[in-house]
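Chains here go by letter, A, B, C, D, E and F, matching the order in which they are written, and residues are numbered from 1 within each.
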Amino acid sequence: MPKDALGVLSEIKKSFITKQIKEGRRGDGRKPDEYRELRIQTNYVPRANGSALVELGKTKILVGVKIDAGEPFPDTPNLGVFTTNVELLPMAFPTFESGPPNEMSIEVARVVDRGIRESKMVDFEKLVIEPGKKVWVVFVDINVLDYDGNLFDACSYGAVAALKTAVVPGSKYGGKDTLLPINNTPVSVTIVKLDDVMVCDPDLEEEQMSTTRVTITTTEDGHIRAMQKGDLGYFEIDEIRKAIKMSSDTGSIIREKYLK
Amino acid sequence: MGTASDIKLIDENNIRLDGRGPDELRPIKIETNVLNRADGSSFIEWGGNKIMVAVYGPREAYPKHNQDINKAIVKARYNMAAFSVDERKRPGPDRRSVEISKVVSEALEAAIMVELFPRAQIDVFIEVLQADAGTRIAGLTAASVAVAAAGIPMRDMVVGCTAGKVGNKIVLDLSKEEDNFGQADLPMGILPKSDRVVLMQMDGDLSVEEFEQATSMIMKATKRIAQIQREALTKKYEIQQKEQGE
Amino acid sequence: MGTASDIKLIDENNIRLDGRGPDELRPIKIETNVLNRADGSSFIEWGGNKIMVAVYGPREAYPKHNQDINKAIVKARYNMAAFSVDERKRPGPDRRSVEISKVVSEALEAAIMVELFPRAQIDVFIEVLQADAGTRIAGLTAASVAVAAAGIPMRDMVVGCTAGKVGNKIVLDLSKEEDNFGQADLPMGILPKSDRVVLMQMDGDLSVEEFEQATSMIMKATKRIAQIQREALTKKYEIQQKEQGE
Amino acid sequence: MPKDALGVLSEIKKSFITKQIKEGRRGDGRKPDEYRELRIQTNYVPRANGSALVELGKTKILVGVKIDAGEPFPDTPNLGVFTTNVELLPMAFPTFESGPPNEMSIEVARVVDRGIRESKMVDFEKLVIEPGKKVWVVFVDINVLDYDGNLFDACSYGAVAALKTAVVPGSKYGGKDTLLPINNTPVSVTIVKLDDVMVCDPDLEEEQMSTTRVTITTTEDGHIRAMQKGDLGYFEIDEIRKAIKMSSDTGSIIREKYLK
Amino acid sequence: MPKDALGVLSEIKKSFITKQIKEGRRGDGRKPDEYRELRIQTNYVPRANGSALVELGKTKILVGVKIDAGEPFPDTPNLGVFTTNVELLPMAFPTFESGPPNEMSIEVARVVDRGIRESKMVDFEKLVIEPGKKVWVVFVDINVLDYDGNLFDACSYGAVAALKTAVVPGSKYGGKDTLLPINNTPVSVTIVKLDDVMVCDPDLEEEQMSTTRVTITTTEDGHIRAMQKGDLGYFEIDEIRKAIKMSSDTGSIIREKYLK
Amino acid sequence: MGTASDIKLIDENNIRLDGRGPDELRPIKIETNVLNRADGSSFIEWGGNKIMVAVYGPREAYPKHNQDINKAIVKARYNMAAFSVDERKRPGPDRRSVEISKVVSEALEAAIMVELFPRAQIDVFIEVLQADAGTRIAGLTAASVAVAAAGIPMRDMVVGCTAGKVGNKIVLDLSKEEDNFGQADLPMGILPKSDRVVLMQMDGDLSVEEFEQATSMIMKATKRIAQIQREALTKKYEIQQKEQGE
């Protein structure tokens, strides 16, 4: 996280936020398990095979899915290919620079990718055109346009929403266009610790103040499909238990409300 | 320019494939302040183009040895999203986007009062989210609005517009098919107050007379586009004033 | 996780392919000071993994604008030798190793008294010479020993350990086959004195109850691994004292 | 343009040049529409399939053309492939550095390429060996050896001269060697504005003083095939008209004299 | 060589070493033609097709050989492919940095490669699976773990030892595993000049003090197969003669003792 | 070295494919001051080789942490034009050119009075425009002339020359065929006043006797080549003096 990008938070502001959070209130008035206003607009880029513009508070990302025929990996000849890429566009934040993916964008991309892959959301076995030779290759490209914290969840929601509405362009090869085969809906929820209080969906100020972070992705069955602890601090086992519950509960709401 | 094709791009009644007349623009819509983090921003829809622009600065130029002691440097970066075109584009700059970034930077710098900000840098990030022919001039048009929205003083706006040749006729604002199968393409960047040309590229085949015709078409369209820019900015100021009024 | 396979990874008597029971670790051996040039070093054999770790620092952070005026920064670099895996790996970092380097750096920094060394940098180079499942947690375990061997003060050691799910059963310390064909993988980094979690990643499919079971298995194993770490370091100190005594 | 590479021009020198140019004289005595001494030596590198050493005043560049069989682009299966590359060798100027192409070398390469491509100089339809599978690939590599301004024109003349003498090595694949099929001869002329006076073929001093630049490529029929305005200033429409005429007139002379 | 990596050698230490060497003694008591303690442990990485851990004094390197089927080079359709790569791991020395190969690692890799290739140690003609289409590709990857001088010889011994025990994995393609076909055993010996005294197998201190360096690789027949002079100084022809003899004599001992 | 071939490179009368005798050089021609911008320059034709060299410096070494407080550093960059060889070479350095740049830099530094220019850098750019065997020693020979033409003080010139083995005979100055199909190649860089060796590489198969023979052939040729270098420089001085005289 770019701690000092906008100038480090002033000590006064910090102690104010700390005091508030101990009383259960967050800077913007949210409760600990409350996520920011979420807006998802699918099919924002008709030229893509699937797309979604996501606004999570003031964080804004755009996901485009491109699907084309290609070769399978040698070790999985009967599965479609799936790749996830995150671009931290320099427009999104004063210190983001153009260039190859860095540590931060790679971590976000891999955590989003893992949640989708491990939940078996997309039925890759149905994405084979000619076994061992030709399969559908699904590219998920995530562009971060405006950064105000919690890229993990914003990018994950965008990828899931774009995939759920994505079309396999079979007509390009003499077949029919079909929806991408989807099995279930993974939802990721990211939780940070602010002075021992755990809150979900941190904005940038909270990210800068937090000591540690965990992203937990669950599916409809309440099972955990992917986790990623990050940042310098630690969690007690009990705190992880609490985080899993928070992710599962909040995740259910988000799934129902935005990712049907 | 000029890949052979049997498509008839314009008919005997001068009606183009998408129904437009020769000197008709595609629909254009500009919004400002669409991003929170940037100092100024804009979003343009021009035909099927969707382009977002963010401006940061003036801020200290970095690395220091790039600083100009007499003025700000303007660095535009034109970039296409991987999913913005039919075939997925690999992220990162290619030779085409390096060239476009250069000529767009130069066109903007001609309009910005760079002499007010020695040693500074003004970054203009142009992200093409969906491409549909004419991205460079749509991006330039939106960039000019975003610079103004960032409160950076300009001598004039910059308006981008294209004319071209299809079916041996000069037409305004090429569509994707016209761009792919047409005979010439002339993108220009104009300062509308003075009709000065700050960006011009051309490829294809134009006689001198055709060039005259194309230029005059562009010059007229420029006024209309400048009006759309002004309205986008006025709307912004209205909102700001209301907010201050509350 | 979860590539389909007919291999039966665990049988009805809870015996795993390599003969281990569910909560049994593979053999682990740690040595310290295996390198001359580094400030601290260690070598771990964990099952078929062979991993060497070197520590340099605390030394002045470079480039200067990376310095933190309040503490040392910890930069771990996880790297696989080209010949460490079945198919030759092209030298240089890939996305997986960038991610592992990041989470391992963060886990180590949570244990090191970084506040004692403002503006400094501690480099930890983790070289996987032969890979056999669980390289990141074996590397983390060895890295912690190498940092201690370099004489850098730590709040606690960091112990890495994995649990996973195979044949619907929770087992400790996945083998290569279990990693390739199992149902879940949960690598953790633990501070053994306090049972705090400083590294955690998971992929696959775990119910909440299975997560509990896996975590408790890891916590127990942590004590055994911490003991091996201590012995490796004690042996080192014994040798040093003998040398000084001579 | 590397404005301060040799130290910025002194103010005294600048005002002298400005004064002179207002009286219609340039630093080296040329008239506004006069190009520098031009020497083109073709077949300078016999190992290449075509080559030309160009000296335009003190600017010196070497072009080598390599032609070999290869795959066509998927979207133009029945056309030969053509690529242009410019290397600003560090030997050519104190501030040129080795490394991947930069903004300046890319712009020159693309403008040269565009002039040749858009004029339909080379008949790419005749460069097909096996339709859709195998075509002739033409590499134009331009090495800048000594830099004293106006790379656009020097490189363009070199590329055109090298292509006009280039041999398609058919004998390598059991056929006959033939000349590259050429339709016409594009000529590029670059014009800069020195304090409102337009001059062609600027040397480095003039480039450093100029406010803006345009490169215009025309063919025998007087048609415009490619244009590129560059640098920070502007042109009035009338100035562009003048530039087109200057390019067409001077271009005709150069075509006759050097590029037959 | 990283002259000032550990701080430049103090002048006192330098003049001490110089004085000693004039009396025929080296810093660690060795005679001029004496190499440091050498230990070679082959098959250190069973997952590789061949491997060797080499300790030459305090220099430690690990070589892994990977052999797999691949395409031959177009100009040698009936020969196996052989590549040598040296990684100066940042663990090996305070100033080594991760990143692409630099001048130093490329020179070492190329000199090691040349010695093996020119001595015709490996019988590449026997590494053809299907002429012109499929051959065995031999990758020699050398990782430098601990650096105390004379990488040329340490890496060369490791590569030779690993190749001599390497297995061609024919069973992977339905055939049998066989030993890599080996004809002979090149031995490289590196010699530096310390104030006009020539010594072999320099440690880092000696490298830092030496004025020049030569690496000479010989085979059983006493023939020279590869040479590489490096560093800033010079050799008289007579000194080269002496170096060749030293390399051949010491090389014979090393071949007998360690590389059988 | 040593790709098998049926070509008979030298016949029973010791006549080589291109008609030369064993100790005969190909034609060599050197010119100086062929470039305007560089501080010194030269052009060499040696057989079919065409190589241009430019020297810049001594100038302040950059970046600063590369500066040597005791002397100038010499950075030669050997580079082949894409069209200089039979198959087009991709622009940019490959491993071969990195190695050649290194040994050529070292050879030149041994001859230049670098101690006169602390903290400085001398750049030597060697561009192979057409390659025809022996480019590194032809480039070194020309580089030495370009350094002298730049007025940089040298202890001695550096002369490059190659001997090799073809058809079991030692011959001077290998041609392209001899280089491709011969048995050994021994490029050397010599200071002609003192016969000191500042560059030496070898690959192939030479007995000690053959090495002696090759070396003595090179040493003799060195004198002839040094003479050509001197003449190229003298011509330059003549021209300069005439110019000054006018």
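In this section, a contact is a pair of C-beta atoms (placed from the backbone, for glycine too) under 8 Å apart; a residue touches a chain by one contact, two chains touch by 3 or more.
These figures come from a predicted structure and were not determined experimentally.
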Common touching chains of chain E and chain A: C
Over-half contact-pair match to A-B, picked out of the listed pairs D-F, E-F or A-C: D-F
Chain of greatest Cα-centre distance to chain D: C
Chain at maximum distance from chain E, centres defined as averaged CA atoms: B
Distance from the mean Cα position of chain F to that of chain A, given in whole angstrom: 59
Separation of mean Cα positions, chain E and chain C [Å, integer]: 32
Length of the line joining the C-alpha centres of chain B and chain D, rounded to whole Å: 27
Interchain centroid distance [CA atoms averaged], chain A/chain D, Å: 49
Ring topology as an ordered chain list, initiated at chain C and continued via chain E: C, E, F, D, B, A
Chain D partner contacts - residues on chain B that touch it in the complex: 1-3, 95-96, 98-99, 101-103, 106, 109-110, 186, 191, 195-208, 211-212, 215, 219
Residues of chain D touching chain B in the complex: 76, 101, 103, 106-107, 109-110, 114, 117-118, 120, 214, 222-237, 240-241, 244, 248
Touch list for chain D against partner chain F, complex: 44-48, 51, 58, 60, 62, 64-66, 68, 85, 87, 89-94, 98-100, 139, 141, 143, 145-148
Of all residues in chain B, those that touch chain A in their complex: 35-38, 41, 48, 50, 52-54, 56, 59, 77, 79, 81-88, 91-93, 123, 125, 127, 129-132
